[in-house]
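Two complexes are shown next, each including subunit A; its partner changes from subunit B in the first to subunit C in the second.
What follows is the complex of A and B.
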């Protein structure tokens, strides 16, 4: 039945995705909610909340604020906090409440900038979409708002777009070659965003970074490459040993399904194709970009659809978050766990 | 592109004025979109021969998914005016204001303006600015000017005053500004004088006057605007004159919302 999920718990929503992008950038992050969304974002979806300093606030909306449209109270609170905490920008993060009452984010952004003199960003996240949609909006808003014009490239400098704890477990992604890698939002700040026009290439590690990479390509002519450094994933060597073993043994592996964020899944497919001629399909609960999508790849929308796909798709191997296996007791093949923080809250990694 | 929202007391003739203005702009060779923002969904009925388009809310209720094209939720009326109705929830349930916001968001996703490239967009809005949803047509990026329709009746003028105050309150939000008043005559005693006095006290101009006319009713019975029915009659000439004057506003001022 559409919309009825009996086995899988809800995935990380868009407001968590946007917050994750801004978390390390020294801004004042205001979640426009009553308190519950901010609680979930900080308590469950943002591991850095407990480790790093970040100014994340709930707007603390109440019934009468919604009924009376008291935007002026919100502005006044933000003005007050901006006097006490120096923020490089104000980021307003939408949640279901402002979405339902039709809050005008453009007007709020304008009023905050006038009242505080600090640049503001407002994202119309609504809790109905998944984390990747919120990340995508936030990346695009950041580069559009802060990236300054540049008059040349800096050799050896690369930008990394799309990294948040949902897709990248920790800072310091390596890409094999020499160079200085500016991993936006995880280990670098607003200054790097400002000079993003001068890198020689952008590396996109999650689909949520693609729109921003294309924007920078249009504006500065910066080329971009899409892919995830698989050797950085916990348990990758063990996984490959296992795959090589089952692919070289007499087991007849004809069909493999990878369920993950599309960029990582795409890189994994490319790697596995070096070892097998089996059909490898990708499926994802999150955005799937046309650039990486093959005709047989599958966007997942419903739990029933997932169960049917896994149990009737005749896959010999399925690779995906461990949590997804709970819904498919009838699946007869091998399930290899590759956890995804946005699905189960477990850090990215193979569990062999 | 000129984008105008038309407000006024319920029953004052907003839909009649809006659809006759749309027909006038189209008659003058302009590409026009009219968006009815009233749950009754009858704003464009006289541009469409008495058969308005399927309202957006009805589409969403029926199909339980977003439309994939503008054609699914619009109808081409007199002289190719593109007609859209937001519609609304079942009376007594849901939230009509939210319906307007959802419709606008959907039209943005479908890239209505980029695809259709209109010269004029008219928003026909239900009554007063009662909540955020009914202010959506005057938010940044939508209408940049407001026309208030009123007669000389006391309650119509009272509503016009409220609308003017509400729009003024939005000044710091960069919303649309009130461009002026359209006096829709109802044969009230000293009507012109009453409306002139109101306009003066509110700091507004009367930008158009529509005389009481049986022609309007006659052609509405046939599912037509008076512009379609008889473009040469006196009342049609009033609408055409107003449309011509509205087209005179320089584009850069329009876009900057400096009115």
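What follows is the complex of A and C.
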């Protein structure tokens, strides 16, 4: 049945994705909710929240605020906070409540800017979509609002777009070559976003960063490259040893399925193709960009669809988050766990 | 007075002088944005930690829950499903954008309930349908939807409301869920020797004196929902002589049982002032027309406290609200036992002024903070000379202090609760005496 999940729990929502992008940027982040969404975002989807203080607030909406659309009260509360706490910007993050009452985000943004004198971003996330949609909106809003015009490239400087704890377990993603890497949102701040037009190339590590990379390419002519540095994933060497062993042991591996975010899965497919001629399909619960998609790749929408795919797809090996395996007791092949924080809340890594 | 980069706080003396009519807006949560820090997670996010609506809604033995909501509302349930006791008990009907605007998902619920029922090898006793803010705004008549769903399965289907929007309303979610979980009870053969303890989702400490005290009054069967082995035993609760309400959030449920089944109730409050515990048992006995002899428990507990006091003479506490106690009442008790309380992290309600006035007379300089107030982002315990902190929230502010979380699911009560509290303090202090 559409929408019914009997074995799996819901994945990280769009509001968590947007918050993750803003988390380290010294803004005032305001979740327009009653309290529960902010708790879910911070307590489950944002590991950095436990380690350092972030100015993340809940609007603390009550039923009459929502029914009567009392935006003036929200603006007044935001104004009060902006006097007490310095923020480089105000980010409004939508949840199901403003989605139901049809909140006018553009008007809210304008009113906040007028009342506080601080630049504001307003994202119409609604808790219905997954984290990648929220990340994508946040990246695009950030670069559109803050990136300044530039008059030249900085040789040796690279931008990294798409990094949040959902896809990157910790700061300091390395890409092998020399250069200065500005990993937006993880280890760098608004100043780096402002000067994003001067990097010589953008590296996109998750599909959520693609729209922003294309925007920067259009505006500044900055080229971008899509790929995930696989050697940075916990357990990658052990995984490759294991795969080489099963692929060389005449185990007749004909079909492999990788279920993850598309950029990482794509890089993994490219790596595995160096060792096997097996058919390697990608499936993803999250956005799949045409640029990386092969004709047999599958966007996943429903739990029933996942069960059918895994149990009837005749895969010899499935690589995906451990949480997904609990829905497919009938799957006969080998399931290799590659955890994804957006699915199980467990840090990215192979579990061999 | 708050200067920039300082967390708002007020002394107990100043707050008591202002009175409950003039509580500063910094201590009234609906007047400002809510600061979301790890200190507030346990109690400010329904379902995030401890017993939120989701866990509470599954208190009926053998029940399962269908959460009908946008996917985001079910996100933290991933943690719960890893616990054996909650495996195969949570199911999700996720809403899309059209659903949340039109409410068309309501038509799908009966079929979803049936599919959940059919897929389970061990059939559930009850299906709880948990709905969230979206349905609060859509004005969903979930009682009606549940009745429709009951046509498809041979078990009761009950509503459960995780409406964070109504948290400060007349019937907040944790009040509502307590009513829901007792709403199936029927009264058939009243047993004079049976009582129900209402309000907690887990039971009292096994050594709590309330059990032997009730037995001394001729009570043979003491029901608590978490100790019910199966659905049959749960249903037996309807035949109790009376209910004892141990948490004010269960008053509504008790009133409902009184109205529906004629099942009366009496309320006992969890306090940590030993004289108040004694007085409460005396009043309890008076209400039942009997005399309760609690002297042995009283003496034993007093001895325990005296030993602790002689070992830790001049301790200074910070007390948070993220614990199994009213932060103001516990602070008052600690002051009465001769300790110092430097800070209280809690939003005072009107009823807390009974304690606050006494705190103000014993310790006017005790500082009151609100966990939820935005300037708490600046709170810094660096210069503070606190020896021990109580509550998960206070523990967050003092990462290196001796900590008593005091927030286990099993509930402290009465003399036993007080003894356990000081035992936990002793454990946290590591037996290190303070001169």
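Note that the second predicted complex is superposed on the first by the 352 of 352 C-alpha atoms of A that agree within 3 Å, B and C clash if a C-alpha of one lies under 4 Å from a C-alpha of the other, contacts with A are read in each partner's own complex, and residues count from 1 in each chain.
One rule holds in what follows: a residue touches a chain if its C-beta (ideal position, glycine included) is under 8 Å from a C-beta of that chain, and two chains touch if they have at least 3 such contacts.
The structure displayed is predicted, hence computed values, not measured ones.
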{"item": "Partner chain(s) touched by A:63 [first = subunit B, second = subunit C, both, neither]", "value": "second"}
{"item": "Touching partner for A:275 - first (subunit B), second (subunit C), both, neither", "value": "neither"}
{"item": "Which superposed partner A:254 touches (first subunit B, second subunit C, both, neither)", "value": "neither"}
{"item": "Partner chain(s) touched by A:100 [first = subunit B, second = subunit C, both, neither]", "value": "both"}
{"item": "Touched partner set for A:144, first subunit B, second subunit C, both or neither", "value": "neither"}
{"item": "First, second, both or neither for A:111, with subunit B first and subunit C second", "value": "first"}
{"item": "Which superposed partner A:80 touches (first subunit B, second subunit C, both, neither)", "value": "second"}
{"item": "Which superposed partner A:308 touches (first subunit B, second subunit C, both, neither)", "value": "neither"}
{"item": "Subunit B or subunit C, by number of subunit A residues touched", "value": "C"}
{"item": "Footprint overlap on subunit A, comparing subunit B with subunit C", "value": "100-101"}
{"item": "Sites on subunit C touched by subunit A in the complex", "value": "2, 4, 29-38, 40-41, 44-49, 69-79, 81, 90-97, 99-101, 105, 108, 111-112, 115-116, 119, 132-134, 136-138, 162-169, 372, 374-375, 377-378"}
{"item": "Subunit A residues touching subunit B - in the complex, by the definition given at the top", "value": "69, 100-104, 106-107, 110-111, 114"}
{"item": "Residues on subunit B engaged by subunit A in the complex (per definition of touch)", "value": "95, 97-98, 101, 131-133, 135-136, 139-141, 170, 172-175"}
{"item": "Touch list for subunit A against partner subunit C, complex", "value": "1-6, 9-16, 30-31, 33-40, 42-45, 49-50, 53, 55-63, 66-67, 77-78, 80-81, 84-85, 95-97, 99-101, 126-128, 130, 323, 344-345"}
